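Chain lettering (A, B, C, D, E and F) follows the sequence in which the chains are written, and residue indices restart at 1 in each chain.
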Amino acid sequence: MTKELTHFNEQGRAHMVDVSDKQITQRTATAYARITMLPETLTRIREGKMAKGDVLGVAQVAGIMAAKKTSDIIPMCHPLPLTKVDIRFEERPEENALDIYGTCRVTGVTGVEMEALTAVSVSALTVYDMCKAIDKGMVISNICLLEKTGGKSGDYRRGNI
Amino acid sequence: MTKELTHFNEQGRAHMVDVSDKQITQRTATAYARITMLPETLTRIREGKMAKGDVLGVAQVAGIMAAKKTSDIIPMCHPLPLTKVDIRFEERPEENALDIYGTCRVTGVTGVEMEALTAVSVSALTVYDMCKAIDKGMVISNICLLEKTGGKSGDYRRGNI
Amino acid sequence: MTKELTHFNEQGRAHMVDVSDKQITQRTATAYARITMLPETLTRIREGKMAKGDVLGVAQVAGIMAAKKTSDIIPMCHPLPLTKVDIRFEERPEENALDIYGTCRVTGVTGVEMEALTAVSVSALTVYDMCKAIDKGMVISNICLLEKTGGKSGDYRRGNI
Amino acid sequence: MTKELTHFNEQGRAHMVDVSDKQITQRTATAYARITMLPETLTRIREGKMAKGDVLGVAQVAGIMAAKKTSDIIPMCHPLPLTKVDIRFEERPEENALDIYGTCRVTGVTGVEMEALTAVSVSALTVYDMCKAIDKGMVISNICLLEKTGGKSGDYRRGNI
Amino acid sequence: MTKELTHFNEQGRAHMVDVSDKQITQRTATAYARITMLPETLTRIREGKMAKGDVLGVAQVAGIMAAKKTSDIIPMCHPLPLTKVDIRFEERPEENALDIYGTCRVTGVTGVEMEALTAVSVSALTVYDMCKAIDKGMVISNICLLEKTGGKSGDYRRGNI
Amino acid sequence: MTKELTHFNEQGRAHMVDVSDKQITQRTATAYARITMLPETLTRIREGKMAKGDVLGVAQVAGIMAAKKTSDIIPMCHPLPLTKVDIRFEERPEENALDIYGTCRVTGVTGVEMEALTAVSVSALTVYDMCKAIDKGMVISNICLLEKTGGKSGDYRRGNI
């Protein structure tokens, strides 16, 4: 393996790597997270939009706002003028799970993997927060990068979740 | 099931629930996250502290700072004057994994579950960011609450991870 | 008039006034804002919760998160551990308007008027943002303090809006 | 009316709309807000710059800093590298009012209406905060967009305030 | 020397030290900074309040707002509900310098040294920013803690600046 | 001297100066700070990386994150998409001092002097925070701009520290 960790300088200390000479291209990334819960909890979430309070509406806003904060949360991330953030939910009652997909886009010199991963993570944490009064045992799992496009290192597409 | 989602008002819209009359007690929470990676990636992280750059040192600072930002990241979380944040790492080479434990404490009217969960999630995301140049396939999983103490709803201890 | 502007020091420069010796009491404040718009815009907002996207759901989250950021936005405001934030909307089709009420509470040494005023202002700005593609002429007006309770200066209740 | 609310995705949930393919042009927006107060309060503000503390100086800084925070405050706003923020005050003693004008500029893919509106709103809220010890009845009103230039939707100029 | 660095856990990694069992007392800290400049620059600053723009007014607001952000800027600092922040300037024309004093106060479990030091540092940096068009050679020096009171470790008073 | 303070508008109030028509060029700035301490304190810092806790590792992360927050901390600074932040430490045992160098880079319309100065200042403040339990008398000094390149005003190189 010859590839190097890029986030360290010649003193062996972390730095925000120099991207001044990288090309400006359109870059997209999609990340995924799953949150597993009691069947009743998922039922309450599904009822929410109609009646008793929209858990996913709050989680959506939280994820989008978190994507914009990524460079403030992840120490070595470059600040980026995101041009798109979208989050989609898929209910998986047969697996007592809620799936979260987050897509970010930028026209810039670095990728938006961390923004997409941060968005789905914070959406999932918000679902936990909104439902923890009835289900403290929820588990967030499978947070991963599904795909990225653009940039010198080329496209990436995960084989399986 | 008679318990209610507490984060909604009588209009069915989200609110930051009134905790004015809850008792001030000492509250602690510990959360967990695992990040799974290529064996070489874990090796690089383990070498880091000695030589080439301390991934976990950065992830540690990121997690602690994120715990303090929790009420700015999770929409319905109350702001809290945290009195302790600690993060510990355990390398699990036999499982190609790094385990992260985060503990928060406060003397206040609400619990610190979200602070502990946010801390371990952001630590894990930072490990991803620091190592993604060599391993885009890392997966963060098993984010859950291990235990909490203090507060009216009593102590909680998860049976298994 | 003998009352003084309290936010200046003896050099005539702004300071964050010393509240160290004020008493800890429970303090509540409610603020109000109105946003006036085209009839069609209000119709779209009213339809939103059912079908096409919940403008007020986003505005609600924005207002609550802004209340928590008040001391970061308003220079001389003290940081406060808010114990409650709630926002309510009332549609006023006969006046082509949406009314916004925000209530904050704290157990502390200073009042929460600015938190309530910031919450309703940011909720109204968010409604503007969500609808500006169809109605740039919306106007936000009547932002005022409706009432406050607690604290040495006593209760305040506005006669009319 | 065929125009659509743009801030929602195909699930009917809020998203930060994709502006990746919009053209980079220079965009300007000017917003307005009025704050009405007791005559004595306005007198105190007018005296301030000379003697007892410069309320408007603080409100100016607050408005400028808020313009830069807009994408952190308004959930679906894109982050923008603002190239100009200016705030001007006009005292209107005959109407017991202070008028606030805020102008923002950017060379980018989206407009700066929300930045200008946020700037004047926060300036007005700061005036309230600085003077509330002597005048709790102040009212902020007429927050609106005066004009915008640049961008595909063309220029906008409000007929009257 | 038997005293220990307290900001590290048993793994030798940084943590936010546990202050849950420390006593709540009133704590005050005063810090100092000097900024040295060309004589003409100081003259311009001194004229500012009357005529051409109040550099110190902006620096004052910046320092106060930074004090409130201290726990967001300094990684291991505890969040604190500051009850007072004040900044004073003294012009020292005989030394081509501007002296800055910052005082913070809290009723809490940890001291406010870092808040006072952050306030004067950011005030000085703001003076630099406001004047750098005419004087890039300004130097900020002598940032130190002048005194602290309250807390178990007792009072501290620096012998000289 | 005919140069003007640029951060004020025609009302004599601070504004964020219009840079819309400035040229996009690559701009770099390097700043410096020194922190003087007891010999034992420096010894402890030097031992840190090996054994008892890496003070400089935390200070490094703090400085990098602060560089990204500069426009949020310094009121009239433009927000900038930084493309590089690096911080280097040099131990100076013969002078009981630690020297800190910070370099920032951007491809944009304004310089990054304030980002570099903020980075070294916050790194130094973090060293103070991490070591204050054993050495309250540390002094931060000599914060200055070492050099800048790019932009219309040309390159700058300080003669001496």
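Convention: a residue touches a chain if its C-beta (ideal position, glycine included) is under 8 Å from a C-beta of that chain, and two chains touch if they have at least 3 such contacts.
All figures in this text were calculated on a predicted structure; none of them were measured in a lab.
Participant: Chains shared as neighbours by chain D and chain E?
Facilitator: Output, common partners of chain D and chain E: C, F.
Participant: Is the contact between chain A and chain D built from the same residue numbers on each copy (over half shared) or from different ones (under half shared)?
Facilitator: different
Participant: For the Cα fit of chain B against chain C, please give the angle of the superposing rotation, nearest 5 degrees.
Facilitator: In degrees, rounded to 5: 120.
Participant: Among the chains here, which has the CA centroid at the largest distance from chain B's centroid?
Facilitator: Centroid comparison gives D as the farthest chain from chain B.
Participant: When the centre of a chain is set as the mean of its C-alpha atoms, what distance in Å lies between chain A and chain B?
Facilitator: Between these chains, centre-to-centre, one finds 16 Å.
Participant: Give, as an integer number of Å, the spacing between the C-alpha centres of chain F and chain B.
Facilitator: Taking the average C-alpha coordinate of chain B and of chain F, the gap between them is 31 Å.
Participant: Spell out, as numbers or ranges, the residues of chain C touching 2 or more other chains.
Facilitator: In chain C, residues 13-14, 54, 57-58, 61-62, 65, 69, 72, 75-76, 79-81 touch at least two other chains, as defined above.
Participant: What are the touching chain pairs in this one?
Facilitator: A-B, A-C, A-D, A-F, B-C, B-E, B-F, C-D, C-E, D-E, D-F, E-F
Participant: List the residues on chain A that touch chain B in their complex, please.
Facilitator: Against chain B, chain A makes touches at 1, 3-8, 12-14, 40, 44, 48, 51-55, 57-58, 61-62, 65-66, 69, 72-77, 113-114, 117-118, 121-122, 124-126, 128-134, 136-145, 148, 156, 158.
Participant: Going by the contact rule at the top, pick out the chain B residues touching chain F in the complex.
Facilitator: 54, 57-58, 61-62, 65
Participant: Within the complex, which stretch of chain E touches chain B?
Facilitator: 9, 11, 13-20, 71-72, 75-76, 78-81, 108-109
Participant: Using the touch definition from the top, list the residues of chain D that touch chain F in their complex.
Facilitator: 26, 56-57, 60-61, 64-65, 67-69, 79-89, 105-107
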